[in-house]
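Every chain is named by a letter (A, B, C and D) in the order it is written, and numbering of its residues begins at 1.
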């Protein structure tokens, strides 16, 4: 499976093309739109978000009667902004002062350019709309195999949730009622206060997100070559989300602090189950991945989002043309986008695991993949 | 540039093939061997390491008079073990009890196999010998552009270094004298004690490593498509190292706890320099990467290594054939391989940044790349 | 550079996404539309072609003020058919009789499906619209380096042109006046008669096309690894065009019949020129590629197009559901699409050589690439 | 599946690494050696061939008890030449006169170098040894699914065989007795005379080869995206063989001369068979590929080999350093390598189709792939 995304922040459309997606998968536009709505939600979003980003996808290829044809799926989301970048570029003034923590300055240097407009149009979180579209299609594929993906907010700035989920249903249920996708209702209140405070001060906040993938079969990914490892793929796909500065699998950095004897997930035998369920873990410190392969346990990923680069009360910067000190501009005014980031992380995780799933089970049609999937479990049953 | 590695832990050779490496680069076999020696060093290594792993590389293609031809570079490292896997396989007994935290069980499930020997031969840290060979070749290439890569041990288990380096020379200098590649001599003593203690108890330890890349030009990587981001590539390449459970860029997870106003790297103007040096940062919380692109500051990466999976005093496990409870076997007896992991992390970082460097500056010959590199700075000078 | 295309024959749009295209390249929508018009032209086209396929591209991302940003370029072409596939699928009846020589039957088998509609929507020549869009963008890039690409019709069915072009200008000039893109006006008349005859009989015709690439520098492609050869890339990209059954470089199959002493392109010295022009060939039997690398001579490619699969007087076939003998259906009624095929071949050639060009000279900005290109010739001048 | 090859013509080894090859496949070193012997055989080979190239492969990774582990398979073939390139490079004199039709001049230009030795070491037919090793492993995999690959010589220079095989067994049987791998014993005599004559005159000859793949299931490759077409892959892999200037599928260029009504392979119904055998063709002008997908018929590929570039009675050339006219040097003295080329073409075809096979049926273990393969036919049986 291959994905290309396209589209500028103030262009007419954001585009996502998925090539190599199997035939015979039902894809609901409605479900993608719900994901897009989740992406635009959450406390801490600016006005552009709530008023403008009512994104609706139009699938312009790859489907017939809502079912995939096996051909590339192209999805368009119209940018609702009134000024259309590609048509009235002259109206858009030159931007000369880079925002610290944004791609602005590094982008100007890479392209030896002096108009930041040429950088920020693509180095924009709008681009993640395309990833959510692709991710939602992948999730709908994965549902056919009982796989679910959900995320929750672990912390906003210094405020950390004190509740861990027992299972993925708990995450999904809670997400619907929460304004910050946080399992700990009390701490969520503190988080919201923290965001309001930052909003008033013109500051921005980041946070930590956890993604769970439930129902993944064992055997996805491979240790046979370093670039086929499932954890390496997750790391790459999650780190590629704007503002992400850290990725963990399972215990992550905390694992490094423990002794092996008390942290590795001991293996036990099931008295009742066979095949992949013949072996039981009482802990899941590995986060469902050992040796670059899914173990069959829940996959647990964590990612750190830095505060948003654009501040209403902006940072010191420099006008790259005049070389004079200036304050960074305020292009956009989210204070905290932790909820959106969770949805995007789910999407990227869904894409990553779909790719590994198709590698193992073939990629032509859902019917074929389902049979191949069953085969694999039959083979496991013979052995264990 | 493409890399394939091959070779089993008890096979005759570990092999590394680098395709797309530029012509005209001097590669010293001696330098690769020094890196291999570093990989086998450090407190906490078992006997196999010190006695057997005196790895020497033989470059069997791609060089003439020590200079690259532009053709694929194949490097062989002979495994010094007396029993050669590929020749006397019958002597090697079936292994039926998987080690928790190792690829053993996940590997058996993936391949519906019952002999762990078929898994662990490739899912072995021996494979990283090939990465160090490739990484050392890349480092030698990068030296032509003033780029240096070094690593140091931030912590072993719960013992953390209290010293931060001021520059990369300090890291490189210290590394030569240290037994754990740690900048804090006092804490290193405690780390060593911790390792000795674990060794006696048959336990294993992990730790945290920091990698610095000095001298990278701005503009490597790209935000134009998510899979071209420099940080995503680093994340993937570092997470692909066995035992790694977390990767950070710059402040990493700590960044998520801060407010934007106090953590983003404000931009200032140099009064003396031009081109890419025209803009100054007083902090480097971004770790030298903004918007998926190198900023020109030092690139700072951090990775978390879990304790080694194989314990002398082993963990609970199960015989996958008899389905009876059994203790996991002890195949190998390192207690802590943090130093080796640092070298491997440097190697993977070198490979990652070389790939992005060749993308930007062309890949045919060193002479051509050097001119293209100069061009780029001339273009920058014109603008800034 | 990466390309994904999407879109069904009766879907709303055909889509082309170009990722990795350099920044700073002027792209004229008008020029793409002219190429699309050429694609729809030529004697032998059916009514759908002339009345419906007045394709106009809309570039929805990647440009600002007609100049590329370095971001993915997404191009949409609306299908003018009144019935829109994706919206009114129910109206489209099941198709059960495969056309020999079309993807119909092989597609049904691959996807174990019984409705050919699910196959032919993507296995349609409409898809090549996306390739022409991408190819035209590449051509516009290549013009910055004095490279031109043109094609002409060598034969239609058994009628062969007797004229060979002396240079590319001659091809380009002639193409504008010719109805079959043939250099031999007399033979073109016979070709047209042949097409009219076939049209009346409900038959279809193919032919042979030659593509010339003028101005390619030496050194594109590589023999260092088999999959980096320029000729291999051309072969793959040209053979991927629907209906193509053969590809030749230079003398092609005729080369196999000659002795080396009379066919290889002897090398001479220029008395007046330096650098890459220091060496002269009096013949170009190699077609501008030796050892998988461009020599600097005109690149000459030839491709064989089989007759169109859909015939008005159709062939024997089978109803795959009833398993009864039936005549193949007539979905579309071009008799000969040799002119379109030439444009598509030019487009695929443009894409192929652009990829190799960016590999050698870098890919970030046109300014940078231009300087790198000059560098290369300076290095050549020093040596030769 | 990925392949990298390495090794110079006068280096110590030729190396082939196959990554992504399934677990559980029996690979006989002996069988690979037989293929290597075939590669070195045939009338028209020089002395280096017969005396030196008694190539033997050593598989140094990826196997246990002759069965693949799923890990990368590394294969080494020692170059028997006494002078070892990598160790005694100083002894090898500078070469300054490029051979027309060889990579020599284009290589010098690409790398702005003046010593052809740096080019020809890799731009050498020795490199194809690595492809034969990889191809033979693929063939051994394909045998598990009843697939066979064979080739025969269609023509040498202007002498063409008059016999067409009825089935693949005939090709295989004949190949063993023939000195030129030609089905037409009478014409073979003429071909041999032609080669002897050329040999005496210091000339070189090429020819045409046909490759048959028998037993390929329908459904390999895809029309869903242009770069997934089976014919495009074959074209690329065959054109990548040194000296190849043309590739055809099925009727190839002859197809372009026919009318659709008399050339397309009409479809009939089997009265006795089901599934993929339910549909019958009486002709195979498509060469077993329609719409970029295998039809289930025999795959027929044809390739044109130009005469060898190195002539004993050499061509006009130029000393690139002195810029004086000189005769091209004689590095090697095969007169005609058509038999070797056939083996290499079989190998590349085997690699190509194995890749497409693994794409469709999964790639982890032979057992799993066999079940998935059966599944597919069951699905076909349900439908047809």
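Things to note:
In this text, a residue touches a chain if its C-beta (ideal position, glycine included) is under 8 Å from a C-beta of that chain, and two chains touch if they have at least 3 such contacts.
Remember, predicted model here, so these are calculated numbers, not experimental data.
The angle of the rotation superposing chain A on chain B, based on CA atoms and rounded to the nearest 5, is 180 degrees. When the contact pairs of C-D are matched by residue number against A-C, A-B or B-D, over half are shared only with A-B.
Chain A and chain B have Cα centroids separated by 26 Å.
For the pair chain A and chain C, the distance between C-alpha centroids works out to 38 Å. Separating the centre of chain A from that of chain D, both taken as means of CA atoms, is a distance of 44 Å. Contacts with at least two other chains are made by residues 4-5, 19, 70-72, 110-113, 122, 219, 222, 224-225, 364, 367-368, 376, 379 of chain A. Put simply, chain B touches chain C in their complex at residues 19-20, 70-72, 219, 222, 224-225, 228, 359-364, 367-368, 371-372, 375-376, 378-379. Residues of chain D that touch chain B in their complex: 2, 4-8, 11-13, 15, 17, 19, 23, 59-65, 69-74, 85-86, 89-90, 110-113, 117-118, 121-122, 364-365, 367-368.
Of all the residues in chain A, the ones that touch chain B in their complex are 4-5, 98-114, 119, 122-123, 127, 131, 155, 157-158, 198, 201-208, 218-220, 222-227, 229, 231-242, 244-253, 255-261, 263-269, 276, 278-279, 281, 286-287, 289-296, 304-309, 311, 313, 315-318, 320, 323-325, 328, 376, 379-380, 382-384.
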